[in-house]
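What follows is a set of notes on a single structure, which appears directly below.
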Amino acid sequence: MSTLGTVFRVTLFGESHGPGVGAVVEGIPAGLKIDLEAMRHELKRRRPGQSKLTTQRKEEDEPEFLAGLMHGVATGAPVTIFIRNTDVDSRPYEATKDLPRPGHADFTAWAKWGGARDHRGGGPFSARTTAPLVAAGSIARQMLGRVRIAAHVVEIAGIGVPHEIPFDLIAGAEGHPTRCADAKTAELMEHAITRARSEGDSVGGIVECRAQGLPAGWGGPGADGLESELARALMAIPATRGVEFGAGFRAARMNPRGCRSWPALPSSRRVRWPASRTP
Amino acid sequence: MSTLGTVFRVTLFGESHGPGVGAVVEGIPAGLKIDLEAMRHELKRRRPGQSKLTTQRKEEDEPEFLAGLMHGVATGAPVTIFIRNTDVDSRPYEATKDLPRPGHADFTAWAKWGGARDHRGGGPFSARTTAPLVAAGSIARQMLGRVRIAAHVVEIAGIGVPHEIPFDLIAGAEGHPTRCADAKTAELMEHAITRARSEGDSVGGIVECRAQGLPAGWGGPGADGLESELARALMAIPATRGVEFGAGFRAARMNPRGCRSWPALPSSRRVRWPASRTP
Amino acid sequence: MSTLGTVFRVTLFGESHGPGVGAVVEGIPAGLKIDLEAMRHELKRRRPGQSKLTTQRKEEDEPEFLAGLMHGVATGAPVTIFIRNTDVDSRPYEATKDLPRPGHADFTAWAKWGGARDHRGGGPFSARTTAPLVAAGSIARQMLGRVRIAAHVVEIAGIGVPHEIPFDLIAGAEGHPTRCADAKTAELMEHAITRARSEGDSVGGIVECRAQGLPAGWGGPGADGLESELARALMAIPATRGVEFGAGFRAARMNPRGCRSWPALPSSRRVRWPASRTP
Amino acid sequence: MSTLGTVFRVTLFGESHGPGVGAVVEGIPAGLKIDLEAMRHELKRRRPGQSKLTTQRKEEDEPEFLAGLMHGVATGAPVTIFIRNTDVDSRPYEATKDLPRPGHADFTAWAKWGGARDHRGGGPFSARTTAPLVAAGSIARQMLGRVRIAAHVVEIAGIGVPHEIPFDLIAGAEGHPTRCADAKTAELMEHAITRARSEGDSVGGIVECRAQGLPAGWGGPGADGLESELARALMAIPATRGVEFGAGFRAARMNPRGCRSWPALPSSRRVRWPASRTP
């Protein structure tokens, strides 16, 4: 479907209502014992149907390793992960085969591939394709070692987290079905989601992701920048409408005089520069 | 420096204070007469030092074609464009060689490449590397034919355009030094910039870019999506902090009940779906 | 494992003694009905164990389509083919786990990946990885339409076909177990193979492949040349030691005076040039 | 024109009769002082017009560094090398603009790009494009460190070197205009070349290249194999008709019984396997 990365390289494939979704993952160091429990845990977090707040489709999402492992250990060769579609009922999509859904890639797929496209549940454009991305990401996280990564939902339906949340709280945000680390905001979000659902509607949201311990110096000039690569990957998640880094769009609203109109960045985001260095 | 695209492919190189900046552009159809005047026009728009509002560096930015053209016509082979650095004075950067500037890639470059890095004006991370990107984009625009693309500044220092601007006005926004298509807002922006400059500061902004006549069906699943590729390319522009498409981050604030909290998208952005089609 | 091609792109994965071997094939036009019988036919041709002359491993090599097809028709999305390993007995390889076989990639794999490598039957370096290559090639052949491609064995153990064989005879060379289109030579080859086998040895050979109806103008300058791409792909077939095109190495022996020491190329290989053309 | 490699990546551009030929070289470690004298030496070796035996075009082939160096040291950013065409006289090619030369890419270029192609001296298909390849190779050789690489001509016009030449003699083969390390054979070759030239003809040859000290374990499965990558690169050299590794095509003639019909490989090519190893 598409390939991400150069040295660590992920090629995605699969559709929502075909046999399954998967990824070929290259660049995993030989000898790495894949933490299958961690991968299952991440896949479970991704999986819809876990609470009354999300899509109701239920699947086991058990990763099957088609290549690259021996006794659960990466051999150095490409690792192919396959996740079968098990809870598939394509009949509802027959009625709307020629009726593209707004906000989906249905029309794009029709314009691109015509009647041959897989129209069932969005086919290769389905959000289900994030499952192999999560599986590959789980391996990447193992490879990243001491880099800590955590994400939580900071805004849903206009209801935002009022203050910055410490990293450790974010890392533990899985307790609440909204995945918002602030309990009080999470409750308000839940109400908004429930109300929208009762009205046959859905809501949008914003996810904040933080990485701690990332070594300086990753990426390169131009489109090899870490932010360029991340933006491409993040926009590959269906329904994503935007990506920002650091101050993001708020940079356009910072007051020239000491950023008065915008609170200073919290200390955890400040970077301390070395005063000088003779290489 | 980095490569963008697959069939139309742009490989960037060059630094701010070296001999120059350039691009190898592959995938230009043989026989295309390069519109040099259009390229010069775009390069001139990009060039700093044109008004009292922007950086004061002055360069001619005349594109030199090192390969791929014969009598000004693309031969089918890769076209290499080179833009020499002419107004280069690297001395000011010697004093701060080991003092990374906040908000720049100086520290990243130092962490990555150590003392061998080109520290002069950000080296390969300089905004000057957008010059070959603009030159390549000028060719891309020629290839796009009837697709119209226009951009203008919609927000600077918190001062935003209050209403949507028609495409034709945006396309003509070059009259004002701020490149904002709304005259009244442009004036306020200018004051904010001037004030910030007088205080030894600078301001951020948001650019809106629109394409008209883009055929449906471009891009592919996953990270091959048009938005994924554009996000990667846009984040390659130094200092860019975020990218959004369509409703963007505002999607998270749309009220479930008829989008009350946010005005309906203007008609020009609405897509009319075909009721049905038997391909 | 590795990716071939740009617009039509094949990413290989899998090992000889793991779950199976496969390929992600991108760039298949939406609407192409995959000729499954043709693919099975090609896979059957590749399969060892068909005669007393080749390796004795027996497998069904039934291609399983994990993605990209709907009702047997390409949807436009990546097509993933998986061929399970069924006749796998890895026990014989345990005894020689640390004893690299000459003429194999065993030592290379050990040097590269150490003890984590998949040592069973060569792992990802096994000739079995040609199965997905054949499956992908079968689709490519369908896409090539009127281009006819045929190959036969022209030399084994120093026994060579004494004269050029017409294309149609080559295309029908599958009758003999040696795949040599010349019956008399094939018989001699068979004796040589049988004798070598009886002595616990094996022999080498040369395959000639011809394409008829290939449109002029494919490929590009430098390493984008058709011969460059083909050479890379052909050298990916395990045990291949060389590739030549046209006159090949014999070009070094052609007598300057009318190529006396080497017979003129047969007419079928001569290219008739247009006397002139005003494009 | 084309890109070779993944981590060390070379993108070629340029034509024989345009402004020049060049390469963007990525992956050079920051801090590497480019050995300009070594590069000039290699470029001089490649350059035609040095003896009465080769093409008579004379050019300085002085590499100009457009990017990636500071004070002659690699900064980590892409290094762009440009070699200007100086001894260009395109007039002779006007008469044969529409008359493709046999054995050249003229017809291919015409079929691909029509009248817009650069017909002058083969344009981007000219052997002159090997100049930036040599320049990039000179940097690669520096990066390879203790790996020794040497090549010499082993056959011209059917006149072959009768025995294997020691590595050190090959490395010093530049003394003779034919670049053949065996003095007696070189003399015979020279006569053959001179005779062919006097008859308005040219001759073919075979080059043997050896690498000493190459670490085991480079490359990967399938088309990532070192031989696959090298074959692609070598076939990018215009006029190359074939590539072989190790025993090459002779493997098809080896006698099953102890390789009687072919002398055993010299000891320098034998690889000693470790008897056993517990990683």
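Order of writing sets the labels: A, B, C and D. Residues in every chain begin at 1.
Methods note: a contact is a pair of C-beta atoms (placed from the backbone, for glycine too) under 8 Å apart; a residue touches a chain by one contact, two chains touch by 3 or more.
In this text the structure is predicted, and so the values were computed from the model without any measurement.
Q: Quickly list, by label, the chains bordering both chain A and chain D.
A: In this structure, the chains that contact chain D and also chain A are B, C.
Q: Both chain B and chain C are touched by which chains?
A: Where chain B and chain C share a partner, that partner set is A, D.
Q: Sort the other chains by how far their Cα centres are from that of chain B and give me the top one.
A: Centroid comparison gives C as the farthest chain from chain B.
Q: Counting in whole Å, what is the centre-to-centre distance of chain A and chain C, each centre being its mean C-alpha position?
A: 40
Q: Using mean CA coordinates as chain centres, what's the gap between chain A and chain B in Å?
A: The mean C-alpha positions of chain A and chain B differ by 26 Å.
Q: Can you list the residues of chain D that touch 2 or more other chains?
A: If we look for residues of chain D contacting two or more partner chains, we find 1, 3, 12, 77-78, 109, 112-116, 123-124, 220-221.
Q: Considering the complex alone, what residue numbers of chain C touch chain A?
A: 1, 3, 11-15, 18-22, 24, 26, 30-31, 64-70, 73-80, 82, 109, 112-118, 120, 123-124
Q: Could you pull out which chain B residues touch chain A in their complex?
A: Spelled out, the residues of chain B in touch with chain A are 1-4, 12, 98-100, 102, 105, 107-116, 123-125, 129, 133, 155-158, 192, 195-196, 199, 201-206, 215-225, 227-236, 240-249, 251-257, 261, 271, 273-279.
Q: Please give the residue numbers of chain C that touch chain B in the complex, ascending.
A: 6-7, 77-78, 220-221
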